[in-house]
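Two complexes come next, and they have one chain in common, chain A, joined by chain B in the first and chain C in the second.
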Partner chain A sequence: MLRWIYKTLWLQKGPVLSSASGVAAAFVLVIALEAAFVGESNQIVGYIRHANADVWVMQKGVSNMHMATTFVWDWKVKRISELPGVKHATPILYVNTVVKAGGRNWFAYVIGLKPDGARAGPWAMTEGKPHPGAGQIVLPRVYADMAGIKIGDKAEIADKAFTIVGFSEQTFSMANSIAFVTFSDLEELLSISGTVSFILVDAQEGQDPRELAQRIEQQIDKVSAIPQERFIHNDFQIALLMGVEIVSFMTIIGSALAALIIAFTAYSQVARRRRELAIAKALGFKNQSLYLAIIMQTFIITGLALAMALLVSWVLLPAISAFVPQVTLAVTTASLIKMSLIALAVALLAALVPAHFVARVDPISSFKV
Partner chain B sequence: MTKTHLLTADNISKIFGSGHAQVRAVDHVSLEVAPGELILIMGPSGSGKTTLLSMLGGLLRPSAGSISIDGSDITAMNESALPDVRARKIGFVFQAFNLLEALTVKENILFPTQLIADRISAARIRADSLIKRLGLEERRDALPQTLSGGEKQRVAIARALINQPPLILADEPTGNLDSKSGQEVMMVLHDIARDEGRSIIMVTHDPRVEEVADRVLWLEDGALRDRKTDIHSWVRDPVCGMRVDEWTATVTSEYNGRKFVFCSSRCLQRFNMAPERYMSTDQID
Partner chain C sequence: MWRLAFRQLTHDWIRSLLTALAISAAIAVILILRGFEQGLYAQSEAVVLDRGGQLIVAQAGVSNFLAVRSSLPQLTRERVEAIDGVSLAHPITGFWVIYGPEGNKFPLLLLVYDTLGGPPPLIEGRSIEDGHDVIIDIGLSKKFDLKPGDPLVISDFEFRVAGITNHSSALFSTFAFVSYDGMIDLFLESEIAPDISTFPLLSFLLVDLEPGADRAGVMQAIEDQVPDVDVFTPQQLAQNDVALGKELFGPIMGVLISLSYMIGLLVIGLIVYADVSVRRHDYGVMKALGFRLSHIVRGVMVQTMMLMVFAFPIGVSVASLVAIGIEWRAPVYMVDVLEPLGLVHVLSGVIVMMILGGLLPLRLIARTDPVIAFQVE
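For the complex of A and B:
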């Protein structure tokens, strides 16, 4: 039976390959969307991951960084740094706002760095210096690529102009990018003083970050202290909430499109082979055997499409990231397993219509000339 | 039913439609077939031959009456049990050959062996034996589209025999063949009945076949009747020159106001390619 199915498909290899390509395109669309989504989500937590504090301290009730507003009295920085198990406490000021540069507007995290706060600054530079001075700003390198700006050009935040002194790597995403200015410039911009947004706490060697976070919350009033991994998880969940519906919707559309193409292909194959199915029935094959044949057929087409999609994704997605730097794509094993499961469901769904057709084939029609 | 009969059809009828649109395609037909018997069912077009054959093959349920094959009443069986009867007890040979176009000769022959619990090695040995017996050795790996009509029908016969069924049902097996191939196929079927003891029921219009049959049944208006011997109207096929019964022939054509009768659709095709060539042929035998 498998040989019959395989050889029949091979006989129709042109149409079968066309259909598999269509299905593969739908699968690639789903994989690419997922990759873009995961890539962007990773970028959203990129700053937290690279700053790599053991514990993040912020205003009580706040549990994430993305789109958050938090103010903590600056005297608490010293209190925290004096707690047992704390090696170092680095304050940053932080705001989500728009940076204007090269005639374009960019949504960005703006991080205000203290003169001794280099550990909270950019972790990879393409050009210029990593630590801005007064009236200076460090921007993502992608800005330079996209807007043609260079060192010495001006960038604006609200009504304040800054001189660009450096371009950093891994600090851009479509949802947010990261700009670095001095702490005092950002204080002036926000018209505040005596407060910080986050305190990046480095633990002493051998200190469990969870215990340290508990200690900070117990001994310092009105702050939340969250270990690094938990903080990353919280921000990632925010990112998921922001995009998961769109991605889910597009996944459903892509999967439905794939199912339709496979169902149409399988139906065409079955309709074309109506007479052969009638012959098989006349010879003694039961409906169940022929259903199985149809399911095998859709699985072969879907498997072919999945293999094509994975191959294209493997080649195409890194190429997109290389040529379009503002797009961050991340293909994970989990998303590939998810795609394979979707393909399995698509194949089963697509087999339903032709299976119904098979049941209606009358073996007597094999007598017709 | 007595043990000596492989197939017994007892007073079977088939009615299609209802009310004014009701058609009685087969009307109270009874039939007994002994092992090794070759029976022809002849009759004019629309007389119910294929309907009768479909019922005998378990493809169509009779409206009334019963059919037993090898001691089993197939009319009393569930629908789901009938495919198994067809797989084990019946081999089908069709007018249009009905080979699976993606499979080679040998694969086509082996196709029904999936339906029976048998070792594949044993099935392959039987297939090789049939291929040799039917003169298909050189064509075992060929696809159906590359075969001649006669070869296709020999493959179809091998496929019908591969599961060693006691009964072969053949619907116009020579209908799409030229006279030479038709004669070959008939002799193969005749040998199968004579040498292997398999019963063959054959629906045909081909009067040449009568000579090899054990019995000829005449079906008319759905009922078996005595055939009058004087109803033949012999004419010559203008293409191959074969004698054809104009009264029962189904392959006919009109050209320039003249009616032509052919032994097969193949001869008709050849006629249609150059009808002027055959205009001088006198069809009266």
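For the complex of A and C:
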């Protein structure tokens, strides 16, 4: 039986390979769509991850950074820095807005840095200086690549012009790139004073961040204090949940497409071999054995397609990110495992139509020319 | 030629049906992705156009409505209304808040309005009567199972859902509408801000003109006489938001749509190739009967086109059904499958794919020996 399946597939290498390619492409599309949301979610938490504070302090009731608005009285920074277990407290001002440069507009997190707030600034630079002065701005390097801007050019936020003094690495995101300006420039832009958005708290050595977060919430009025890992998790989840339904629907339709392609190929194979099937039946092979053969055939095509899809996802998707810097695709193991399980279901589903055909083949037809 | 192609399709109808369905599914994937992209832009556009007003006044330097901070001084309204040709200037502001329980948080744009700029017609409930009332979008209603009368707690302040509207979503998030009283209550009674002035209390002015007023003239007069503002028509601001959306989503959607076209090409190529491969005996007979290669290739093309004529409307129907399913299940998304330009693009793409797919087995047909006509299959 196995040899018959193998020979059947081998004789039809072209259609089988092109079928597997079509199915693989459908799988890749599903993986890519999920990878886009995961990649973007990763980028969205990039700042939090790299700023790497032990505890993030913000306005009470707020528990994330992405699209959040938070304001805390600035005197609380000093109070927090004096608490036991706190090594250092760094305030930042933050707004989610549009940055214009080189004739193009981007959504961005704009971070306002205090003169002594370098630890909250960019962590990797391509060019220029990492810490902006008054009227200066540090932008993601990808902006320079896309808009042809360079050090010394102007960027605008609302009606305020800034001079570009540096380009940072790992700070670009489709939804929220990170731009750095001075704290006072951002205060002026927002027409506010006396408040900060977030306080990045570094704990003393040996201090448990969760205990420190609890202590801050107990002793400082009207703030939320969240350990780093929890804060990353919150933002990652909020970004990911925004695309969860569209990913689910595209997974369904991509899988349906894959099932149809495999069903078509398997059906074409058995339709061509109607006579062989009739002979097999005349020789005493039971329908169950033939069903098994068809299922194995769909499994082989699906397995081949899955292997191609995984390989392509592994190689092509990172390459896409490299060639299209605006796009960050992150393939996760969970996504690949999910795709494998879907492939299993697809293979079974695709076997239904040819199995129906096999059931209807009459052994008597083997004696007809 | 047409008859032969038609009979070849109807000879094995299960196979032809599977073929058409596979092509339809490939077309549907392309249409859904394109529709999703178009929906993103249409939502961004509608956010501005649905607010009303003939002109929109923003902070100087601000040229978008969505996801930007615009802050106008309180006196701006009075100054704008004093200009000849201006009938009324309606205030509107907005800020992002995060709603939802731990583990299921969702960004929400709280749009604050007074006399214009509120929600589109309600589909359930009633309009705002006091500061605790909020109108939410159906997307939020479905996501959190919220109905009129339910509480909506934001930063420990309890709003009450008064009504539910639709078409009030953009950028993967939804809007909630409250009155200025509601906003003040939220600021004063909740812990949302230590200082009320940290939030822009006036972001935009929606300007109604007097009958017969010259819109361009009034725009210029506002720019000249009111300091630190920029004036737009709603269409201009909407187009700026669409352009920003394209900057934001264009690259990733381009990659995904290109992938979906590639799948379409592979699917069609596979089907045509497999079909020709199966019918090599028939083509051998045709060659033995004196049919020329060009004639056979034309036959394959006609057959492919027939499949497309059948598959395209099915693909559009499948995509429309999936779009309805997505919008029903998650109204925060809009999937504009039937956008005419998008349909034309996809149809053109499919025709190109069909031609390329039809050419793929050319070599196979050319290599088919007429002698196989005399062999038993």
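Methods note: the second predicted complex is superposed on the first by the 369 of 369 C-alpha atoms of A that agree within 3 Å, B and C clash if a C-alpha of one lies under 4 Å from a C-alpha of the other, contacts with A are read in each partner's own complex, and residues count from 1 in each chain.
The rule is short, and it goes like this: a contact is a pair of C-beta atoms (placed from the backbone, for glycine too) under 8 Å apart; a residue touches a chain by one contact, two chains touch by 3 or more.
Note that this is a predicted model, so its numbers are computed, not measured.
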{"item": "Chain B versus chain C as contact partner of A:281, first or second or both or neither", "value": "first"}
{"item": "First, second, both or neither for A:81, with chain B first and chain C second", "value": "neither"}
{"item": "Partner chain(s) touched by A:219 [first = chain B, second = chain C, both, neither]", "value": "neither"}
{"item": "Which of chain B and chain C A:4 touches, first, second, both or neither", "value": "first"}
{"item": "More chain A residues in contact - chain B or chain C", "value": "C"}
{"item": "Touched partner set for A:340, first chain B, second chain C, both or neither", "value": "neither"}
{"item": "Touching partner for A:190 - first (chain B), second (chain C), both, neither", "value": "second"}
{"item": "First (chain B), second (chain C), both or neither touched by A:363", "value": "first"}
{"item": "Doubly contacted residues of chain A, that is, touched by chain B and again by chain C", "value": "275, 369"}
{"item": "Contact footprint of chain A on chain B as seen in their complex", "value": "50, 53-54, 57, 59-60, 80, 83-88, 92, 94-96, 98, 100-103, 107, 111-112, 114-115, 159, 171-172, 175-176"}
{"item": "In the complex, chain C residues that touch chain A", "value": "12, 14-15, 18-19, 21-22, 25-26, 28-29, 32-33, 36, 59-64, 67-71, 95-98, 102-107, 155-156, 172-173, 190-195, 197-199, 228, 243-244, 247-249, 251-252, 254-256, 259-260, 262-263, 266-267, 269-271, 273-274, 277-278, 322, 325-326, 329-330, 332-333, 364, 376-377"}
{"item": "Touching residues on chain A, where the partner in the complex is chain C", "value": "12, 14-15, 18-19, 21-22, 25-26, 28-29, 32-33, 36, 40, 59-64, 66-69, 71-73, 95-98, 104-107, 156-160, 174-175, 190-192, 194-195, 222, 234, 237-238, 241-243, 245-246, 249-250, 253-254, 256-257, 260-261, 263-265, 267-268, 271-272, 275, 320, 324, 326-327, 353, 357, 369"}
{"item": "Of all residues in chain A, those that touch chain B in their complex", "value": "1, 3-4, 7-8, 10-11, 275-276, 279-286, 363-364, 366-369"}
